[in-house]
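Below are the structure tokens for one structure; questions will follow.
Which chain is which? They are A, B, C and D, in the order written, and residues in each are numbered from 1.
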């Protein structure tokens, strides 16, 4: 398994998913009231679009940081990566569901946000699985020392914990759950993925 | 024909097809009953989504294993590869058809699963064609010895035989046919594609 | 302008267009009669799908053959390539139009096939434009000799002439026009793109 | 962050967005009057399709010119690039909205064109942000001299100023605003992106 091909395939999936997100913003068209009102009624679509876009964008950045340093790319990593992508491609659909049901409130809004948070949770868990794989001997140019592993796990796993919280909170308040979900990409803008060994000389791509 | 370009094009097709799969999971939206019921009624969509995702994912892994070792990439391979992709891009549509008709049962469910299995069968046959191409002299860094060819063919061709069985079984029981189809990616998770000669020094990408 | 980036962008456009083709094959779903009848009524969709898939596939192969040998990739080539892609992305939509209107016959079928042939004609003319660009000095590792230029032009341009014929014929018989359009990729399966100078040592990608 | 991965991801997003544009050209299908009339009524779709295609195509060319020369690709650039793509993926949806509402005229046509121009304005501002990033020391093989910076900014920023004008003009005349928007890619066909230091020896991709 070559790094290039794993990256090209993953990047293409990220790219298609992130572009499909915007299709949810389409208005119903003529005959459904003034366009200005239609756009204004679409506020939930715009908010969820921004959250999903930022999240997929940051996953892509972190995915890159994780894969880029690896010395070896094998079939197991490719399969773990497919599990990650399984959840990534769910995001456009779940984004559309939240956009439609959030303004209605009630149980439907809760269900929509729980599904949305669950897709992110699955994504976070898959990412944690890939991270564990990278910690095994020989995967990184320099092994991550035992004493910093848990710190690294915590940094990478912070998103997973937040998504778990979002699933739970969505039963009570879908809006608060969305705020938590929106916080994850903001967190990763400022908190870089932990440096996983020096890549110096490790790749020649 | 460069390896890179064959791979980038194929990976992009795989990526778009795998991402389009999830669009079938979209619910009808407000006015069609509680969201929880809509999602529950969608069980067939989720099951077929998982089967199709796993199958396309494993094809991609095997495609990589097959192409990666080749010493030469020519126009004939590009054409065979196009035939493979012809069936790959049918999968999202056939997945949607199964998702819609499986819960209804009867002849429609049979037809839907037969179409679905037939697309996979076409894919399997195309893959077998590419495999045969790789066995010709000068294609692999080390030729596959005569005595292991049939073993290799059987490993690669197992999927094709299973898909043929699925087409036949679907006339009687669409559900059993789906179980067979779902078994193929599970089989390939554990059974690696046969090692096709050592790639050592064979490529400089 | 790097060759890699021109190729990745073009390949992604080809890949998305070729995958979108299959979406036209989706049946209307439950409540529109037996699935078997729906599929049978879709014969025109399947035929046009095959024609469009084969055509985009062969364009991709020829595009590769043309770009791969070039010594220089510049902004003018990138703009000519964009004109080519402008017509490539029209193909899925025009394919859908032909699939819908061909079975109805009459003037609508004529208009649909004229639009379809016109998109291919535009594509052929853009390709001819790129080909002319490659004939200028310094573009190929070895200049194409004057005496073989017209032969090369004819080989590359055969498609354009056939598409022009298809546009004209479609006014009389849309079906005969489709047969002509279907003949182009069949022609290019057997007739390779002319060898444009030896690429030996010309690229280090 | 490797240049290759930033480019592959960006190119895939550009490619999907540019291909989705054409989907807006689909006619309603049989039962909606003669196909010739449907196509003729679609004039606004064709015009906006051409404008959007040319604009995304030229952004892609300029994006390449900007990224290709950089000595360093970092996380900040990746985030700025994501902001640019956030606006790029809005273009297919906003194109569809203009196509639907422009022929109706009135306030709806104004709102549609304002949204369209605003997406391009956001894109222009993001591009300007990336451009500023490239001016910091160590980003380019040779720093852009102080005295030519404003000239370079003006060249790159011309689009942003025109899009700002288009937003303002759209309140009065959506058609004139569209002419301004259409002028931007025409401008960039003739005005190259400023040469940002010599790339000689600066990259080894």
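Everything below uses one rule, namely that a residue touches a chain if its C-beta (ideal position, glycine included) is under 8 Å from a C-beta of that chain, and two chains touch if they have at least 3 such contacts.
No experiment lies behind these values; they were computed from the predicted model shown.
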The angle in degrees, nearest 5, through which subunit C must rotate for its Cα atoms to match subunit D is 90
Across the interface between the identical copies subunit B and subunit C, with over half of residue numbers shared counting as same and under half as different, the residues used are different
When centres are defined as mean Cα positions, the distance from subunit A to subunit B in whole Å is 26
Cα centre of subunit B to Cα centre of subunit D, whole Å, reads 37
Residues of subunit A that touch two or more other chains sit at 4, 8, 12, 15-16, 20
Subunit A residues touching subunit B in their complex are 1-2, 4-5, 8-9, 12-13, 15-17, 20, 75, 78-79, 82, 85-86, 89-90, 92-93, 96-97, 100-101, 104, 107-108, 111-112, 115
Given the complex, residues on subunit A that touch subunit D span 4, 7-8, 11-12, 14-16, 18-23, 25-27, 29-30, 34-36, 39, 50, 53-54, 57, 60-61, 64-65, 68, 189, 192, 205
